[in-house]
Amino acid sequence: MVAVAARELHDGEVVFVGIGLPNLACNLARATHAPGLVLIYESGAVGAVPERLPVSIGDPALVTGSLMVCGMADVFQCFLQNGRIEVGFLGGAQVDRWGNINTTVIGDYAHPKVRLPGSGGASEIAAHAHRTLVMAKLDRRAFPEQVDFLTSPGHRCRGIPRRELGLPGAGPVKVITDKAVLEADGTGELVLMAVYPGVRLDDVRAGVGWPLRVRTTLLEVAPPGARELQLLREVLDPQRLYLKG
Amino acid sequence: IAAGCARKLVFSWAGNPGVGSLHAFRRAVEGTGPPLELEEYSHFGMVARFQAGAARLPFWTLRDYAGTDLPTANPLIRTVTCPYTAEQLATVPALNPDVTIVHAQRADRDGNTQIWGLLGVQKEAAFASARVIVVVEELVDTAVIRADPNRTLIPGLVVSAVVVEPWGAHPSYAHGYYDRDNAFYVAWEAISRDEKKLAAWLEQYVYDVPDRAGYLALLAGLTDRLKARTQVSAGVNYGF
Amino acid sequence: IAAGCARKLVFSWAGNPGVGSLHAFRRAVEGTGPPLELEEYSHFGMVARFQAGAARLPFWTLRDYAGTDLPTANPLIRTVTCPYTAEQLATVPALNPDVTIVHAQRADRDGNTQIWGLLGVQKEAAFASARVIVVVEELVDTAVIRADPNRTLIPGLVVSAVVVEPWGAHPSYAHGYYDRDNAFYVAWEAISRDEKKLAAWLEQYVYDVPDRAGYLALLAGLTDRLKARTQVSAGVNYGF
Amino acid sequence: MVAVAARELHDGEVVFVGIGLPNLACNLARATHAPGLVLIYESGAVGAVPERLPVSIGDPALVTGSLMVCGMADVFQCFLQNGRIEVGFLGGAQVDRWGNINTTVIGDYAHPKVRLPGSGGASEIAAHAHRTLVMAKLDRRAFPEQVDFLTSPGHRCRGIPRRELGLPGAGPVKVITDKAVLEADGTGELVLMAVYPGVRLDDVRAGVGWPLRVRTTLLEVAPPGARELQLLREVLDPQRLYLKG
């Protein structure tokens, strides 16, 4: 999943990074095919080169050796809203058919079944990054037809197409799960693009709450190479803070 | 929240960074703990509120929230029409706290405060606030401040009080002084999940300690474990 | 203006700092020189225009201009109504230059630029601009930038080109490198007052010199006269 | 004139300083009765202690040894608009009966007789500083009944009282000239408050373009003391860049 996300990043791109799996993916890409990635964290570190796995978005390892530190007002106004961020990573408890994400509540807002942490910077990343990549575990409850609460806009929000909302970025182009990769089709609906080796189409369909369409040519995801696995397990997350295997 | 001090939370993200949920917060909102009123924004929205407060403007303009449910959940997220392009943009109201508490590496006795590493919204919050309390790792002579004025983030003229409290940011960190106590954040997951454990922790580390020194005395080996290594930057020439 | 390159001036103050008038500007506006279109703000208004540009917002809000004749002289100074308090506030339109040229002490080859001393609106202008050219006193290794990231004002990702031109700010100064050539500013009063002298100066110092080195060669003794003395600040600890 | 202005400053006050005579007045006050003055220059130096007479608002001597340097956006938004500036200094080619100031044009805006530099930061200083002090040479052309162009608002702007305009600061409380000191009365009109030793009332009236009223008890300005003169002539402006005598 991390290796698959890393491959989506091109050398030299400016990436808005969150903690956890996205951070691992970015640092894996930096250590392999994209040494020129510019990593920006919402806490204000620009061009970070963390020498350890950051344990929080405010980790001092993001600052030491970085190219620039700026205040959060500059991060959101001068980098993100200004259109300087090429790729943003998002995750969430719910991802729906149109790539909308919910990180706010499961159930009703006033009387939630589960209260989640909230938007953080996700709402504006979803609006402004040139494109976003979503990482989430495939699970029927996590992939409903419609999110309970729309925290971060996808391609169609409560019936209104993204373009009509004036959102500058292209939205979630891919959703990378632990079983398959979904991509947005021309209408903005998430469709199945590729499956991991050994995963059956029915497994994927069972994890999605809407009639999942499949791209004309379904691809198979290449498994991570030995070098990717070694970097992830021995260098990037030796304590297995975020990796399971 | 668990101690019953908080009536209302104005926020953009409520989690345990890098670890998981804030359980006392979840209990309150999910209806199994003391009630808690919410006023919810995104990070950019909260930052913008502090910017408006620091500029003494009643609102701030941003491109945000289109298509989301946040303006429905919070009617204080509104819109304004641009007087040049006629487009609609989101607004948030100014936030002017009664008191802002800032943790910094050093300040002089007048409150001129220097911070390096991450800056957050500390400048904006300080200027927005009616009163500012600065907690520092080191009290320094004004000459230290004046030797490098570009490092000053908060001027003394907005500061009401300076508290000298080394290790005052624990369990968080102070860049150049000590690292984050990550073991504490991880342990907090189990403590905060269980209301009894949380009550016992509050008893031992908050109610029963007379001061910060008493708190630190309970955390044996802390300074050895977390003290920052030395990696000093070069100076720059202020001569002319 | 005197060389006939400027058609329109967007400005908030047009004088010779600390000396007096800008005579070519006065001749143009007072009708005795080539015509010049004006779009006039105050300093705060111009700063706000760059802020809007840097944030990619179409306008910026400020408390200003009430009671003054500036909105009459410039219809681009408008108002907006606060969606919370209903009060009227002034607005200025965003300024997004085609090119911004910044003079800085140092940058690496990717354009990551560090500035200390006065900062002006250089950060805002750089972020607002379609292209940014940075002129530096010194080209440094990226390791120098990374050793003190809090000094970086402009990130390389917004910079199109870096020009290495020591003494490139003359007759102004570069803090820590050389002082302002005040004799030049004083002499400029007499040169610019007389159109013939001004034409001769342009001939000798602009049209007839092949490059900046040629310009500097005409100013004998400059480096001895203006070189900055050494007053280096202490570093700070980035270890953790 | 400089010594008279210096006396208007109280120790510990936060002063927005311009170059020239205001700068001399502030540094004289700092060297005598007000060592705790915090001088802020629009270029971004806060708590400046210039070791030489600054030759421009951007002089590096304002930075070296200062308490803080910030960008101009912060100067105008976080200091001035935020209401942190207690005293502002203004000057101008024209000062009118209500303390309005013109630094833009003499004559018509589109076809001026004399084109002046413009507002600079004066317009917003006049609006936001808790109080302003105006320094100008007394001259009938410089003190008209109404300014040709209203750059910086005084107590009554084109007939509208300052309070109705929502201007936060108290406006120009005193106008310090080379012959006399004017102050704003309860209605905001400038009235004669004090004359310099040896200056006759008629001399002052001849330098003002409206029927100048005189405060009930007209004061005489105390001449500068030996220490003030010595500081001004030998320390603060030894090259006589701004001082005449």
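Details
Every chain is named by a letter (A, B, C and D) in the order it is written, and numbering of its residues begins at 1.
Everything below uses one rule, namely that a residue touches a chain if its C-beta (ideal position, glycine included) is under 8 Å from a C-beta of that chain, and two chains touch if they have at least 3 such contacts.
These numbers were taken from a predicted model, which means no experiment stands behind them.
Considering the contact criterion stated above, the chains in touch with chain B and with chain D alike are C. Of the two chain pairs shown, A-C and C-D, the one joined by more C-beta contacts is C-D. Averaging C-alpha coordinates per chain places the centre of chain A 40 Å away from that of chain C. Separating the CA-averaged centres of chain A and chain B is a span of 26 Å. Taking each chain's centre as the mean of its C-alpha atoms, chain A lies 56 Å from chain D.
Each of the following residues of chain A touches two or more other chains: 45, 60, 63-64, 69, 77, 81.
Residues of chain B found to touch two or more other chains are 56-57, 62-63, 87, 116-117, 119, 123-124, 150, 173, 175, 179, 231, 238-240. Taken pairwise by the contact criterion, the protein chains fit none of the simple patterns, being neither a path, a ring, a star nor fully connected.
By the document's touch criterion, interfaces exist between A-B, A-C, B-C, B-D, C-D.
Against chain A, in their complex, chain B makes its touches with residues 11-15, 17-18, 21-22, 25-26, 29-31, 40-44, 47-48, 50-51, 62-70, 72-73, 87, 116-124, 172-173, 175, 179-180, 182, 185, 231.
Within the complex, the chain B residues that touch chain D are 54-57, 112, 123-124, 127, 142, 145-146, 149-150, 152, 155-158, 238-240. Considering their complex, residues 14, 38, 45-47, 49, 60-61, 63-69, 74, 77-78, 81-84 of chain A touch chain C. On the chain C side of its complex with chain B, the touching residues are 56-59, 61-63, 76, 78-85, 87, 89, 91, 93, 105, 116-117, 119, 144, 147-148, 150-151, 173, 175-177, 179, 228-240. Chain D contributes residues 19-20, 42-45, 54-60, 62-64, 69-73, 76-77, 80-81, 104, 109, 111-115, 117-124, 127-128, 149-153, 157-158, 160, 162, 165-168, 241 to its touches with chain C in the complex.
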